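Below you'll find the structures, each written out as structure tokens.
You will see chain A twice below: alongside chain B first, and alongside chain C after that.
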Partner chain A sequence: MFTKKKRQDSAAKRGRRHPLANVALIAIGLIATGGAYAGISSATAQTESTVVSQASVEDGEKLFQANCATCHGFNLEGSDEAPSLIGVGAAAVDFQVGTGRMPMQAHNVQAPEKPVQFTDDQISSLAEYVASVAPGPAIPEEQYLDADGDAANGAELFRINCAMCHNVAGAGGALTEGKYAPSLMGVSEAHIYEAMITAPQNMPVFNDMNLSPEDKRDIITALKFMENEVSVGGHPLSSLGPVAEGLFIWIFGLGSIIAVTVWITAKSN
Partner chain B sequence: MAHDDNSGAELAAAASSDHGPENNVSTGTAVVANDAVENPGFPPHRQRVTDLNPKKERTAERTVYTLFYLSIIGSVWAIAAYMLFPIEPENLLSVRLNNLFIGVGVALALLGIGIGAVHWAKALMADHETIDERHPVRGTDETRARAVEIFETANEESGFGRRTLIRNSLLGALVAFPLPAVVLFRGLAPEGQDPVALLNETAWEAGTRLARDPSGVPIKASDVTLGSAFHVIPEGLSEMDHMLEEKAKAIVLLMRLKPEDLNEREDRKGWSYDGIVAYSKVCTHVGCPVALYEQQTHHLLCPCHQSQFDVTNHCAVIFGPAARPLPQLPIAVDDEGYLIAQSDFQEAVGPSFWERH
Partner chain C sequence: MSTATASQASASTAKKSGGFTGKAANYLDERTSISGAVKEFGRKVFPDHWSFLLGEVALFSFVVILLTGSFLTFFFQASMAEVHYDGSYVPLKGVEMSIAMASTLDISFDIRGGLLVRQMHHWAALLFVASIGLHMLRVFFTGAFRKPRELNWVIGFVLFILAMAEGFTGYSLPDDVLSGNGLRIIDGIIKGIPLVGTWISFLLFGGEFPGTAIVGRLYTLHILLLPAILVLFLALHLVFVIVHKHTQYAGPGRTEKNVVGFPILPVYAAKAGGFFFIVFGVIALIASFFTINPIWNYGPYDPSPVSAGTQPDWYIGFADGALRLVPPHWEFVLFDRTWSFNILAPLIIIGIFIVLVLIYPFIEAWITGDKREHHILDRPRNAPTRTAIGAAGVTFYAAMWAAASSDLIATHFHLTMEGVIHALQAMLILGPFVAYFITKRVCLALQKKDREIALHGFESGRIVRLPGGEFIEVHEPLDEYERWRLVSFESHAPVILRPNAEGKITNKARLRSALSRWFFEDRIAPATKKELESGHDGH
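For the complex of A and B:
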């Protein structure tokens, strides 16, 4: 009696629930979690302080002492934790603070890009202050940032000087011991230029004797071309090369072949 | 376990009666299983919904012809898409749309036929299980005798066994005909030159200026600021014969470190200039270009197999499959301030080869 009832129960359950119900449930759960997370993180990204201040060396000094001096020292002399900022110039400040890399959140192998912590005015105050202590590379001139140079020359220079770390499509790549060259897609023209002249973190310097300002303009042009032009071959799969593409074909290509063979050999309902 | 009425036993009996005599061969050392698994036969025949329900049968029929019609639509669409979305020069989006829509049409055309045919066979065609017995591999005695006979006749009529001179000269010809290929392949190596010597030397000579890749503009020592990495070729490379072959061997990475960071060996103290060092960019593992220079850790990473070299220690291997340090190019500065090579590399660049020392 008991067993019979149980069997009926399970039959009823089987009748109520579609075999794909579990898969669908997991998919819905994942999408909901991912969506909620994306919403929350973009919401936090938008919370920025809206303090507007006059760009000036004094403001920059105050900001520096409040936010940077703990590690970089009150006179920019650096400490065991952080390098000296004497002579790094306005360009380095604009790059590091303007991409959110500084202030650093945690001491790690590499400072990652994150939501910017200061307003544009505050960043230029900081940059002016650091540049006033000792001269260094200045924020690049507008004429080199118009992304209207020779894209072909820029692409050749990019392949020779940059592509080994940043990937031939500018998608970024891995370095040693957890460090990485970040993706260059979506990086502003000024930040690309500043990175080349100030050598943030483990990136080597590409000074104006190595790549002239015109060459840098061409490289920026090539990068912006890659960013904005459609990819003829369809979806680029993050342009990560054989790993991403191989994984895709192994999972979806072979997966669909297996699904089709199972369907062909299965008995009809 | 369910048993079909006309299962195993009958089939086994039929099989043994078909070719009983041939099966009486010695089993030799093979293990004869006395308790071999019994043929379970067919599972009970289960009728499909299309056999039981005429409505479902009609649905299946409709699905199949709809799929075939879809295939026709796909083919026509592919032709239409070819005309509607032509490839316009200079417009990458047009290439993409052209590929996409023609591809969708052709995929629909082929998948429609394929899926329709399989569904037709599975849902509507007659459904009964049969067994196709595998034919015995051994031919009948007659066939075997006939085969031997054919060979003998052929041998007799052609005189292959009898006319030994013809046979042997044919064998000689067969041996000789691949030889030209061997000689021709050897000809792919540089003519009149020793490949070992070619691999041992590069375009660098004493006094050759270090120049930027790709412009070929020579580099002054003062251009190379601290933390810089220059991609270097020998000056005048573009005028050389076999420029790309020379470039493949001669590429160099130039870096400037703080002089106190370099741990230089006594015999190589003179190979750098004020912290500027030059190393071959060809990995000693399998020859990928090693140029992922980290200016703070002074590590060089090869992107192919993750070999790591320590620039402060004469590019000693600190990780990965490379077996040797990267060869160092001895450099100096001429009277005009340009960086020059003191000599060629002191050892062969790139991966190992038999005669490398």
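For the complex of A and C:
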């Protein structure tokens, strides 16, 4: 209190600045930057409607240089740390950045899914930029993402092509050396499609020669069916199969039965 | 039950009381002489302890399995002929599958109550084997397998193996991807046996795997042969329980010659009857609220898809885990044949383990040289070496068991699969030794504590200052009943090495003496009467 009074005194003496001047200055600065930023990003959103705009690519390049180039190189050439992104296409960027896998949190065996770090507009700018450098798989067309194909065919294709890593129920599974195939429940249609054509991490490519776009649509349909299906048998125990069932019967089944045996044989008071 | 009680009252009282039940009982007794059996059986006494009910849980879940299984046989068709599924589960509509799979889907989706009964059957099967396992552990750790019950231990163990065989054959019937993967593993194990393996596999599957015969054959085993043997052994097991009388824990008034508890009629029968319905209810509740084996997720089997996270039901897990724990490169070619020790080693190890558990009562009887009958159970701590051996066995089994879920452990705890496998390999080899020593020391320490309490009573927490300035804590002496529990056990001395009739010391005798020393060298003698009398020295 004492110091405050002293400062006020000195400010009054000099007579140049109001006591709240600093606060006001910061507020003005923040509003100006924020407003400008908002204006720019809304501008980007508008340009997005036109398919590939030069402005969006330039935005993407700036974002890339600020966030990705340290590992992937300023010309997408890659480094010892990370692969080259020449020719990976917009689909790879949309998948990796859109699921939060990129930018990578730490160098590890596998980039885990995590909260997405960019807005949709920024992601599409990045994707457009990477696609503009060299052609590659494009973001899939909406007609294959409606999850309204043949679920029976999709489930069969899924069992044959995907279940060995992702588990028949799409619950995910372990790979070697700490790598894993993630659960497919809750993954968006576009990301499933993009994963199949761009082969992220340890996944193989499923190009249009071995799984036609219609097949991919069927697989997405089957996965979405599994995801949205009401579990008819009751609580699904994470769809983990016999291990979860065994633990359940030992802990809860036998546990409750033992509680009953103790109750039955207890001496009446 | 009222008729049974009445017939127990026999003909003479029936005349006095008259009435329908009396007459009916009399009628039955005059034609079957059943009253003697009812009297004998009805008066059979069961001691009350929760751990004595575990075998009953197994029995009751078996009854549930029989009831639900019969229902399932009405609708299941064990054929591998191909059909296009045309039931109400949309995502499989039109998919080619075996009739076995299609009929299982029909049971699940198109037959009223079918899914509930299917789930009850499967959950009850898991509970059946689990309760057998726990029952066996109870019998082992309390020494209930000692004379005269060694043979009943063997029968019980055969039941355990039969239960696993029943489980496995049942698991393979729906012909879905998961069960097909399991069968493929069995096929691989069989083919790994040198010389005869391939022949046995072709015999079993009626040709190359998977063929079109296996589901029908497993079905015959599952509903005919195995249950018949199982029921036979179950009956033998129960007859032996009645012949031997029930064991009991040590306590005041309980001797090797009596059984303290409630007679079957009416108390015990009422309790057990009620308990059956509770077990039934628990299984029904679990089956209503929790999915088991959702084959519609797995889809029909064909040999190309293999799912990640494929595991057998829990009771076969130890065998699957044993296969996963084998280090790589244990396969070599010799005499123009491939010797798959990656498969043979687990087979041999599991075989030895099973045989050791099976004959353990005889091994212990031989080592200890104890030929007396035992009807009073040991507290686990009072047989430290046996308890330690049991703990080592449980650890060994647990390592194999956990290995069956190595992939799920890796993904759920963010570990590497290799790390999990290596840790479990270490646990498999070192774990039993660690468990043995820790358990034995803990048992001895508990015995010491018991002895201390028997001699000096328990600490009351009241500190008293004596006139001389000394502080002591007052120990409350135990009452007679409590003390009896702590001192009424036997302490065995090692068998002493003696020359036989010809004056020679045979190698067998040497081995036995060494084993006996190992068994009984470290022991805490129970407090004697003399010690107890002199024990109360004022604190």
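Basically, the second predicted complex is superposed on the first by the 214 of 269 C-alpha atoms of A that agree within 3 Å, B and C clash if a C-alpha of one lies under 4 Å from a C-alpha of the other, contacts with A are read in each partner's own complex, and residues count from 1 in each chain.
The rule we apply is simple: a contact is a pair of C-beta atoms (placed from the backbone, for glycine too) under 8 Å apart; a residue touches a chain by one contact, two chains touch by 3 or more.
These numbers were taken from a predicted model, which means no experiment stands behind them.
Student: In the superposed arrangement, which partner chain does A:82 touch: chain B (first), chain C (second), both, or neither?
Tutor: Neither partner.
Student: Identify the partner contact of A:262: answer first if only chain B is touched, second if only chain C is, both if each is, neither if none is.
Tutor: Touch partner of A:262: chain C, not chain B.
Student: Does chain B (first) or chain C (second) touch A:230, or do both, or does neither?
Tutor: After superposing on A, A:230 lies in contact with chain B but is clear of chain C.
Student: Considering only touches as defined above, state whether A:152 meets chain B (first), chain C (second), both or neither.
Tutor: In the superposed model, A:152 contacts chain C only, not chain B.
Student: Identify the partner contact of A:210: answer first if only chain B is touched, second if only chain C is, both if each is, neither if none is.
Tutor: first
Student: Is A:199 in contact with chain B, with chain C, with both, or with neither (first, second, both, neither)?
Tutor: The first partner, chain B, only.
Student: Could you say whether A:160 touches chain B, chain C, both of them, or neither, answering first, second, both or neither?
Tutor: Touch status of A:160: both partners.
Student: Once the two complexes are aligned on chain A, which partner has more residues of chain A within touching range, chain B or chain C?
Tutor: C
Student: Identify the partner contact of A:248: answer first if only chain B is touched, second if only chain C is, both if each is, neither if none is.
Tutor: A:248 contacts chain C only, not chain B.
Student: Which residues of chain A are in contact with chain B in one complex and with chain C in the other?
Tutor: In chain A, positions 156, 160, 164-165, 173, 175-177, 181, 231-232, 234, 264, 267 sit in both the chain B and chain C interfaces.
Student: Which bits of chain A are touching chain B when the two form their complex?
Tutor: Result: residues 156-157, 160-161, 164-165, 173, 175-177, 179, 181, 199, 201-207, 209-210, 229-232, 234, 263-264, 267-269 of chain A touch chain B.
Student: Using the touch rule from the top, collect the residues of chain A that touch chain C in their complex.
Tutor: Answer in residue numbers: 109, 151-152, 155-156, 159-160, 163-169, 171-178, 180-181, 222, 225-226, 231-237, 239-243, 245-250, 252-254, 256-258, 260-262, 264-265, 267.
Student: Using the touch rule from the top, collect the residues of chain C that touch chain A in their complex.
Tutor: It is residues 48-54, 57, 90-95, 108-109, 115, 119, 123, 126-127, 130-131, 134, 177-178, 271, 274-275, 278-279, 282-283, 286-294, 297-299, 304-315, 317, 404-408, 410-411, 414-419 of chain C that touch chain A.
Student: Per the contact definition, I'd like the list of chain B residues that touch chain A in the complex.
Tutor: That would be residues 46, 48-50, 92-93, 95-96, 99-100, 118, 122-123, 127, 212-214, 219-220, 222-231, 255, 289, 291-297, 299, 301, 303, 308, 319 of chain B.
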